[in-house]
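Notes for the one structure printed next.
Naming follows writing order (A, B, C and D), and every chain is counted from residue 1.
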């Protein structure tokens, strides 16, 4: 069973500035939820695009066969952390089909807020 | 009239830990809204994927002809309840075309928050 | 210029119970935003599906050429108002291509919350 | 590497009335996040559609090669500012493929709320 696409794009991206304290604010996150419903491990290369500098990456992530991964952008460390407080976009490429959904939880405020959308599947040559 | 697709994927999924009290918090839910606009009943098999264990399911649900169902993941009981407080994804397969939308209402906080997206329709062989 | 599709489906739908008072709560709404970017008026037929009764409609709405309409489901009156406090889905058919986006503003709470998604475009025969 | 489509539509659009004071409310925004993952600059023409008047635009924006732009509708100035407090839709045309995501942050309230969705990619002739 092979479900999804090998290349996905997410045009939105933003990590809140690091909170100095602890508690709710620390729970904010920007995530790409990756479903690998197939029988082979998925190896992803993630490239992050910015407003005024060259892209960062590739970040490498593995999602085992028949597993899901809720990938947080603030967990990406190598080759460099994703900078905070700046707008970014990302392109995620996998060697097997996956399904990717973008979700942000913003808990900077007293009350948290959520947003989500399917990422954009890239179809055709080069995808 | 046959509208939609037979296979849909939702990469995001999360049920809040069971609240001990009563009131607003109990209203939180993770839902797959299924529209069957056609003239034949839709029989769905739902498979739930996790980070670190084998998938659960299939859960079986029927959506009658010309009806909608707002399926809550916390209502799924057999073959096992969907665990709380862990990330999951799901693949929903129907024997007739349907349209599926993913919605979360999180009311753990003082103020509730909503998010929604169309599920990802799977097209092509095997779908 | 003809942009979009002629048939769209929205699987989510819900109108809050009528508030007795006035103020913020009254501003809650469930909307289908319809863009007609073309040079001919768009005539839409809307069918609303429920959990346990036959569909309602068709509701008829016109979106003039090169105009947008933010259609609120609580403004639909004929052949019958859309019931409150129950889940529904909708299928929207137009005689010319349009683009449709689903948005809910829920202001029942102290703080409002928003959700949005593109509706699902129906492609192929019968669409 | 060429990712995305050249024409995208966003059916929702709304700018809050200008706040008289300062602080959180001023941070509300309606944005189109544009990812240009390719090696050529993207030149966009944006047309804004209204309920009861002719469309405005074209607004012209450039997104350099391998960059992202989080375009705020309240930053559009020429040929005219986008009016506040009225519903609008937009069509964005680029000379090279891009990926576009629509996001609203509403911070009029005590607590902010977020919504997002991929814009609708227009495929086929004329796109």
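Please note the rule applied: a residue touches a chain if its C-beta (ideal position, glycine included) is under 8 Å from a C-beta of that chain, and two chains touch if they have at least 3 such contacts.
Keep in mind the model is a prediction, meaning the values are calculated, not measured.
*Asks:* Since chain A and chain D are copies that touch, is their contact same (over half of the numbers shared) or different (under half)?
*Replies:* Copies use mostly different positions to touch.
*Asks:* What angle of turn lays chain A on top of chain B when you fit their CA atoms, given in steps of 5 degrees?
*Replies:* 90
*Asks:* Calculate how many whole Å lie between the centre of chain C and the centre of chain D, each centre taken as the average of the chain's C-alpha atoms.
*Replies:* 22
*Asks:* Take the average of all CA coordinates in chain B, do the same for chain D, and state the distance between these two points in whole angstrom.
*Replies:* It comes to 31 Å between the two C-alpha centres.
*Asks:* Please list all residues of chain A that touch 2 or more other chains.
*Replies:* In chain A, the residues touching two or more other chains are 110-111, 113-118.
*Asks:* Which stretch or stretches of chain C touch chain B in the complex?
*Replies:* On the chain C side, the touching residues are 7, 9-13, 47, 49-52, 54-55, 87-89, 91, 102, 104, 106, 109-111, 113-120, 122, 126.
*Asks:* If we count contacts the way the header does, which residues on chain A are in touch with chain B in the complex?
*Replies:* 1-4, 33-37, 66-70, 99-101, 103, 110-118, 121
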